[in-house]
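By written order: A, B, C and D. Residues from 1 in each chain.
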Amino acid sequence: MALTREQMAQRVARELEDGFYVNLGIGIPTLVANYIPEGMDVMLQSENGLLGMGQFPTEDEVDADMINAGKQTVTSRPGSAIFSSAESFAMIRGGHVDLTVLGAFEVDQNGNIASWMVPGKLIKGMGGAMDLVAGAENIICTMTHASKDGTSKLLEQCTLPLTGAGCINRVLTDLAYLEIENGTFVLKERAPGVSVEEIKEKTAGKLIVPENVPEMTFD
Amino acid sequence: MAGFDKRVYSYEEAMDGIESGMTVVAGGFGLCGIPENLISEIKRRGVKDLTVVSNNCGVDGFGLGVLLEDRQISRILASYVGENALFERQMLDGEIDVQLTPQGTLAEKLRAGGAGIPAFYTATGYGTPIGEGKEVREFNGRKFILEEGLIGDFAIVKGWKADHYGNVIYRKTARNFNPMAATAGRITVVEVEEIVEPGELDPDQIHTPGIYVDRLIQGTFEKRIEKRTVRES
Amino acid sequence: MAGFDKRVYSYEEAMDGIESGMTVVAGGFGLCGIPENLISEIKRRGVKDLTVVSNNCGVDGFGLGVLLEDRQISRILASYVGENALFERQMLDGEIDVQLTPQGTLAEKLRAGGAGIPAFYTATGYGTPIGEGKEVREFNGRKFILEEGLIGDFAIVKGWKADHYGNVIYRKTARNFNPMAATAGRITVVEVEEIVEPGELDPDQIHTPGIYVDRLIQGTFEKRIEKRTVRES
Amino acid sequence: MALTREQMAQRVARELEDGFYVNLGIGIPTLVANYIPEGMDVMLQSENGLLGMGQFPTEDEVDADMINAGKQTVTSRPGSAIFSSAESFAMIRGGHVDLTVLGAFEVDQNGNIASWMVPGKLIKGMGGAMDLVAGAENIICTMTHASKDGTSKLLEQCTLPLTGAGCINRVLTDLAYLEIENGTFVLKERAPGVSVEEIKEKTAGKLIVPENVPEMTFD
């Protein structure tokens, strides 16, 4: 069975470490915040200029001056810091964020990522995504493994305009967790009940399948 | 206006000198921390053919979006231009030239412009459509592209508190692009919620020193919220 | 050290891992806002062949000057190295390689290094000995030289107050180079006069966000004054 | 009579305008602060990171955390702002300072300035001088017109290593106030009792002498 969005978030959360500064993109990445393991502390960075993002506000706490990078009203946790967008991207570009999680349309075996533009469709802009992928050493892409018609999104070469070149080394799809090494995807884990065959079939890029590919487990 | 007293008492005076064809740098992220009333004054004046530099372009009927109604903007540098149907139509119709710029690069272009740095290298956008036509250069085995600093004829900024001298403090995430915008205008106009006497703000806690500020006005703000997201209390 | 608690409780622990041959970026201007005790710990450890990046090099017997006594520094990037007889002798004897760097360029090199900008153009130093051998480029009819960003193995920083998470506030002109230094260390160590609980500092008023800080220690400071200049009261 | 240091400062102060942000170098430039005309407000920038420098402190006010760019203890005036050195030089490099006054060893007819290094002598460093001359549109150099042995310091071409190239357009010496235009010094004013002849004699660079060269007056 393919992973649900929640399971994907849950699996990504296992990559967190205590004391990590993390930037979570919109969509599934945002859900990762709900699965931070107990006893572990993670600080969320919001690229508009907030380190230490808290929960959504209660109706009483709503403050127009307090939003996240998705433009949603938020709160900050005790010990947070607020700064300009230039400072925020200095952190990002300078590699100070420990982990970035973001969605993608396509990823290829050379670590290229396409996530911001589908030619012919309306282009809304890349926001901070290009800065995030260029700045973080440590990025996890979350995406469905293939489109609904079965077309792979893990490619030999991205077909859509890139967000970043050679910057991705970890991908979590609804079918598998893979790493990218030396121009190839390496299958590390598969979703419960998903066969290696199915993953092979839905991966267009070069794929190395180790002898033993453990199944993910979820409580 | 004598000495360092930057206060003006009407929005008309605040935007005096703005003309068609000028470049306007605007602070704000989404609808948060935007210079609402300075934008309204630009609309009122009806100046056209503006180049706008701003992370976003407001929404239909609010923020920079109001400048679209009378087609006052002909060119925009922004990182994200969704949330705005009128904008999309004008973009698709070719009425607006949109230069999409990564958010961090946009912030840094303004910071550089204000700081007298004509250009800098960044990895952001290398190997993407944003890097096309730009100089590529390798440092320590990694590839970077050259991006230029940027200043505008006017910078319009929303602060929280300021003193007469134009020393400004921002509030929470309404800071965003405002501090860089403030440094990057030939004429920088700041509107704030409260103006206090010089000496009332702690010198250690000034976000924008008054040297960057040419005009200062106290206003009232709607502060519209784009995505009100709440949890159960 | 769990989670984001950056506190350490000895200077030995604070400078753990520093080795001969490393590059150390130090905050401070003259003797103002210098990480006195972190410097003393470097002296105590006796590591040699250090490259020091700092606006100045202290005075005889205080500040970075103490590292000269046992010839621990072999190279320094600074904008001004007067006020130090021992330094002058080691420089004239060729024991120290001094790379004089304009003050603003030095500040910007550290800011760029910390911000992931490998290089930037500046007019400062064009046409002078500082520009020799550097790429010259024209923007808008004016000439600029290329300067590279810079980071160190360690950055040593003096703050005023900080919370456990390493969010730091500086006091008065003791801020100087400290905020940039804090961003430009592979390991950034901050010593402060007071450590408070997370939540006690206003998030809007943090000068150095904790993300830049690896270790934090509370110390006591002599704060020697280099030029006590007073007026009659 | 050649101007005294105080008269030089007094003459420079006439170039101030109400509302000017000014950076004053060490030496004679520092004295300019004593001659700010009454009713005029000028804000002093100190490049270590202070806008709105005040008087020297009283003995009770001395604070080791509060110094100027000359490392002297200072105070700040109400409405001052304190910032990092990167921000300070952003102001300077970005051309936000209205007037910079600094000393020099030599200036030449092309606006080059040498002020930081005498080869063979000990080199202490340029501090912020190179940034200041490259950043300000508006610089006044203060210096003696010639050395004690009569050698001119206003040259065809600087002989000492430069601090900045083509950046000076106003010079106040103990003998004259001159402007630099199109590769030549232009004599604008002379010190009381100093003859045009003496100035000509002590100016090695190309010098234009208008028909009428007014004498400076001092109260």
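Keep this in mind: a residue touches a chain if its C-beta (ideal position, glycine included) is under 8 Å from a C-beta of that chain, and two chains touch if they have at least 3 such contacts.
The shown structure was predicted, so the numbers you read here are calculated from the model rather than taken from an experiment.
Visitor: Strictly by the touch rule at the top, which chains does subunit B share as contacts with subunit D?
Guide: Where subunit B and subunit D share a partner, that partner set is C.
Visitor: Between A-C and A-B, flag the pair that has more C-beta pairs in contact.
Guide: The comparison resolves to A-B.
Visitor: What is the distance in Å between the mean C-alpha positions of subunit A and subunit D?
Guide: So the centroids are 55 Å from each other.
Visitor: Using the average of all C-alpha atoms in each chain as its centre, how far is it in Å between subunit A and subunit C?
Guide: 35
Visitor: Take the average of all CA coordinates in subunit B, do the same for subunit C, and state the distance between these two points in whole angstrom.
Guide: 32
Visitor: Indicate the whole-number Å distance between the mean C-alpha point of subunit A and the mean C-alpha point of subunit B.
Guide: Going by mean C-alpha positions, subunit A sits 29 Å from subunit B.
Visitor: Can you list the residues of subunit A that touch 2 or more other chains?
Guide: Touching at least two other chains: 76, 82-83, 89-90, 92-93, 135.
Visitor: Touching two or more other chains, which residues of subunit C qualify?
Guide: Those would be 108, 111, 115-117, 122-123, 171-172, 175, 203-204.
Visitor: If each protein chain is taken as a node and each touching pair as an edge, is the resulting graph a line, ring, star, complete or other?
Guide: Topology of the interface graph: other, matching no listed pattern.
Visitor: I'd like to see which chains touch which, written out pair by pair.
Guide: Here the touching pairs of chains are A-B, A-C, B-C, B-D, C-D.
Visitor: Looking at the complex, which residues from subunit B come into contact with subunit C?
Guide: 108, 112, 115-123, 137, 139-140, 142, 144, 148, 169-172, 175, 203-205
Visitor: Using the touch definition up top, name the residues of subunit B that touch subunit A in the complex.
Guide: So the residues of subunit B touching subunit A come out as 29-33, 55, 78-83, 88, 91-92, 98, 100, 102-105, 107-108, 110-111, 122-130, 143, 160, 171-180, 207, 223-233.
Visitor: Which residues of subunit A touch subunit B in the complex?
Guide: Where subunit A meets subunit B, its residues are 46-50, 55-60, 62-68, 70-74, 76, 82-86, 88-90, 92-93, 112, 117, 122-131, 134-135, 161-166.
Visitor: Which residues, counting only subunit A, touch subunit C once they are in their complex?
Guide: Contact set of subunit A toward subunit C: 18-19, 21, 40-41, 43, 45, 51-52, 76, 78-83, 87, 89-97, 135.
Visitor: Spell out the residues on subunit B that touch subunit D in their complex, using ranges where they run on.
Guide: Residue list for subunit B touching subunit D: 1-4, 111, 113-117, 163-165, 167, 183, 197-199, 201, 203-204, 206, 209-212.
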